[in-house]
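What follows is a set of structures for review.
There are two complexes below, and they share chain A, which is joined by chain B in the first and by chain C in the second.
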Partner chain A sequence: MARAISTKRKSVNTAIAGTLGFLMFFPILWILILSFKTEEDAIRAPLQILFDSGWTLDSFAAVQARSDYFKHFSNSVIISVGSTLIGLMIAIPAAWSMAFVPSKNTKNVLMWMLSTKMLPPVGVLVPIYLIFRDTGLLDSRFGLTIVLTLMNLPIIVWMLYTYFKEIPGEILEAARMDGASLREEVLYVLTPMAIPGMASTVLLNIILAWNEAFWTLNLTAAKAAPLTAFIASYSSPEGLFYAKLSAASIMAIAPILIMGWFSQKQLVRGLTFGAVK
Partner chain B sequence: MGRITLEKVTKSFGDVEVIPPLDLEIEDGEFVVFVGPSGCGKSTLLRLIAGLEDVTSGQINIDGQDATDLPPAKRSLAMVFQSYALYPHMSVRKNIAFPMRMAGVPDDEQKRRIEAAAKALNLTDYLDRRPGQLSGGQRQRVAIGRAIVREPAAFLFDEPLSNLDAALRVGMRLEISELHKRLETTMVYVTHDQVEAMTMADKIVVLRAGNIEQVGSPLELYKAPRNLFVAGFIGSPTMNIFDGAEAAKFGAHTAGVRPEHIEVVSPEEGYWTGTVGVAEHLGSDTFFHIHETGLAETITVRAPGDVAYNHGDKIGLNPRTDLVHKFDEQGLRVQ
Partner chain C sequence: MSLRNTLASATALSLVMGAGAFAEEITVATVNNADMIVMQELAPQWEEATGNTINWVVLEENVLRQRTTQDISTNGGSFDIMFIGAYETPIWGANGWLEPLNDFADDESYDLDDIFQLVRNGLSDTDGNLYAVPLYSETSFTYYRTDVFDEKGIAVPEGQPTYEEFKEMAAAAHDPDNGIYGTCQRGKAGWGENMAFVGTMANAFGARWFDMEWQPQLDSQEWNNAITYYVDLMQNYGPPGSSSNGHNENRALFKDGKCATWVDATSAATDVKNPDTSSVADVTDFFKAPQQVTDKGTGWFWSWALAIPASSQKKDVAKDFLKWATSKEYFELVGETKGWVAVPSGTRQSVEEDPRRLEAAPFAATIVDAILSVDPADPTAEPVPYTGVQFVAIPEFQGIGNYVGQQVAAALAGQQSVEEALANSQQFAVREMTKAGYIK
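== the complex of A and B ==
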């Protein structure tokens, strides 16, 4: 009881957390509101928008009529899920060996992998663009999947490494004693035990890949363009169509938002795994 | 069959040699116990036999076959870990079935063996639980069940009982001994525990810093420890050891006498005399810790429970002179 937090402290904390949460959510809320307005209403003063204007689905209709939502959506799904699965296939063995058969340089390799994330992507845009152009990968889902796999691989390896570290090595040794081959050990013992961690790795990676805008905008034109390009096509330099831009944004983030909402518990559990133990 | 021989086996971690060249023979069906102080390399030696660590040099044979480079899965040995190392995501049934599944044992045979093991280990009611829902003793039984169903050439145990409370430990000790009698399979067992070593072993291997100090039956080690280290390590309470003039009277550089081989008498009748410090009454026995004997700081004596002396009493001590152990300058036993 000595460590009980006083009710006053608690309500202050709740208020602060609530305010922060609202501030973070506000842009999304505002986009949601704008997406149900006409273009004329959308550029009016905030209070007028809220109270004086009506609601409409025109922007959604306009966006749907002008561009092929489903094509962008399926590109996004293919690219984000594909890059995550390929990433996992590379990262599981990598994290396994670093967690269970560490060498003197394991920490250095991990740092080196992370350091690749410290370089701004634009630093390698030209070489990658040229490689893509020369190999015919520009505007292909395959090429984009590969680039996103490489971009997110360090994060996947880091996360899996952290989860694997939590698994007692003796359990894997027991599997070895029980006659499991390396493949069986990873498949039947390690992977099921690491499911919570892997699930949150997968979720986070899909979200990151879904929202990735630098490479998807620079390496695609039409065929392979995912939803990020779909949004970008509404921010034209001649004048912004706020309502349509908002409607496009809502359509683009809705799937991932819904997925995130339903997997919230899993995600939080995975991300705080280890911290609580 | 389960005959294991180690020939000039060494193990180094980096520059540190944990096991210097070591030879050991474990006969088929034998219960061999490794004892020694913490960090002396007991677990390392067991893991070398298991194949979980690679030897730095030397050869390990299992049933006459060179197994040095075989992976653990191919050695047909089963291991029971101190932490139990059960698969937390599988039911007890699946845990026990796992080695058979890996070996491709047919389903009905798996079922038969699981049921037999569960019955022998009192696990029948728990087969569908997860390890997390079991007590420590039950978990350890599952680990043993998982080891026996695959009918290995030998069992390896690394301090399997040290996470259990005292009462449970006694029970499990008996169960493992009975299992050994029933299966007649080679068992190699690592422990810290004196009593486990003495009561379970056919053969005890005393290790110090990776060296084998002595190999022998529990009674051989008790009656004729080869050196001072073994003398001090085997037996509880530990042997009283003294040197100087008193030892010279027995014709030794250093002499030792076990607490149970000293009789407490009145001061006038005693070969030695001393003052009672602490008296530990266990009921059946009383351990007297005696000071001012001129032998060593403290001499421990094991007397029957009804011998009553108190703190500060002057008493006499009579050693069984035929059971005094004698050692030379190097600490080696002299006859």
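== the complex of A and C ==
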């Protein structure tokens, strides 16, 4: 029997959740406010910034004049979407085999894949940098896409494995009895049933790849640099660039924020899928 | 007719293709600061004149340092020009990672001798090979508020005051109830942050990083005197939370009228004296950074310069750009288009003596005097085996400087005593220097 929750308790819970949500969102809100201020206003006391200074689009104009936003944006799109799609192509068959035809080592393989995420990236920076140098992949979108695919592959496999495990094997068996080949079974039976889970996997990995700053800063120079490099170019320990840095940050996170806003239902559903049985 | 057209088209096409074949694309890695922004804005003039193009990679100073170090040490070849400092240049040059620029001396129109000798020395190895050409140079001096000094009856020092006299000035000016702190100094940990100031102050107190046998000297009485003074000064007359204030935070505080004194980079003077960006532009003046038991190494020396990595495949084009970007003509161009106050300072003698410069920036002569009084080859009271005023020009210094910076910041925040901070620092420095083979 479901436990009754009093209205008072509900209000308290809502207030706490609202406050926590606001606190988490506050840094982004503050960046947004600063991006519409001049550099001189952006370093004033918080109350003066809010109530005693004008609003301007100067920082956005200055950022666009100095940096090619659309080049960085298109690099971010290509790298994040590309790495997610290649990741899916590898992860779907891998997750299928582990979910429906497990061997005695499946659990070990899964743990081994996850263990690769436990190594600090800087530990493999020099070897990867040298490989990229020798293969001509430095500052290339292709090279970066491959690295981000490999970085996120364990997460994609794990997420898909979790979703596939929720699907009864009998349905796939029935498809096989009806004469479906393995390819048809994965493409026409399994994939449509796992769409919500796959959608959240895709969204989460695009976000992870979009925000990835270690490899994207270290393996690029000018041509393949995505939006993370675009933001980094406005950070400075000498001189005042808070307003421009804020404007650059807003321009960089806006696409992913909008995408996240529209797909939050799928994201939450995907992330909590299988959490409660 | 048709044949003639075809021939004309073919000729035009081959000319275009020929021009295209000579035009090169170079990649320049740089920091985000006012002088480099100006260079980015003016560089299209060089691109237009030569047909070459530049890809700019602009990064935050620490990210740039890490990124360029990684690329140059692995012979990566991602960059054709790097914007590096006086710390890296001699080390990287000695490693053979940078293209020597000695042939710049042969170009009469470039006039290498016009660049201050001291600055050239700072960008050369011990054999005198030049590895980078400077865009601007800086030292440190004291910014002070003339109105506060007048109001509180504080005498402005005629020459170089001692740190004890400086503390008396800070004490007399300290008036937190009216929003004025006696002094604002760097407290944020880092070899390029708090240790830039603390290092020069330690020099003034007679301290040194290493003795002639490379034994770390951080547990010496001189270091103890310097750090004890620093912690006492900042805890009594500094703004709250000063252990997290770096150059930017202090610059903002000073410009907002919150600090009576500030010892920091001469390069901030243009900004502090600009009435559009500073509320204290008309009531700020300067005197030398204080001394104590010695006047050696009491103002730091730093230069941001352009260098060509040995791994670049386009060295000739890169050299051509370097010459243009540090030429007399470039400084003239900046003066004419951005104003003579915005011309990079402390690099060329002819620029610093130009009447247009002196009229636009009356404080420029003070800055040049301060820069020329620094000697990175003789920075301390007692002899040392290294060069560098606020840093030691060895690769191990970054790690040691950062660690000592953290220990000093912890002492300033009251998390440990000065003795503990220096004992930890000494232990760390001994370990690092032993590991690197300097000492046994």
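Throughout what follows, the second predicted complex is superposed on the first by the 271 of 277 C-alpha atoms of A that agree within 3 Å, B and C clash if a C-alpha of one lies under 4 Å from a C-alpha of the other, contacts with A are read in each partner's own complex, and residues count from 1 in each chain.
In the analysis below, contacts are C-beta pairs under 8 Å (C-beta built on N, C-alpha and C of every residue); 3 or more make two chains touch, one makes a residue touch a chain.
The model shown is predicted, which means the values in this text are computed figures rather than measured ones.
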Superposed partners chain B and chain C on chain A - clash or fit: fit
Taking the superposition as given, does A:Asp134 touch the first partner, chain B, the second, chain C, both, or neither? neither
Comparing chain C with chain B, which touches more residues belonging to chain A? C
First (chain B), second (chain C), both or neither: which does A:Ser236 touch? second
Pick one for A:Met193: touches chain B only (first), chain C only (second), both, or neither. first
Answer with first, second, both or neither: which of chain B and chain C does A:Asn218 touch in the superposed model? second
Apex chain A: angle to the C-alpha centres of chain B and chain C, given in degrees as a multiple of 10: 160
For A:Asp178, using the defined touch cut-off, is the partner it touches chain B, chain C, both, or neither? Pick first, second, both or neither. first
Just to confirm the value: shortest Cα separation between chain B and chain C in the superposed three-chain model, in whole Å. 50
Interface residues, chain C side, partner chain A - complex: 27, 29, 31-34, 37, 40, 55-63, 67, 70, 74-79, 192-193, 246-248, 251-252, 256, 265, 267-268, 271, 276-277
Chain A-touching residues of chain B, taken from the complex the two chains share: 50-52, 71-73, 77-79, 81, 83, 85-89, 98-99, 102-103, 146, 150
Touching residues of chain A toward chain C in the complex: what are they? 39-40, 43-44, 66-67, 125-126, 129-130, 133, 138-139, 217-218, 221-223, 225, 229, 232-241
Where on chain A is chain B touching in the complex? 168, 170-171, 173-181, 184, 188-189, 192-193, 195
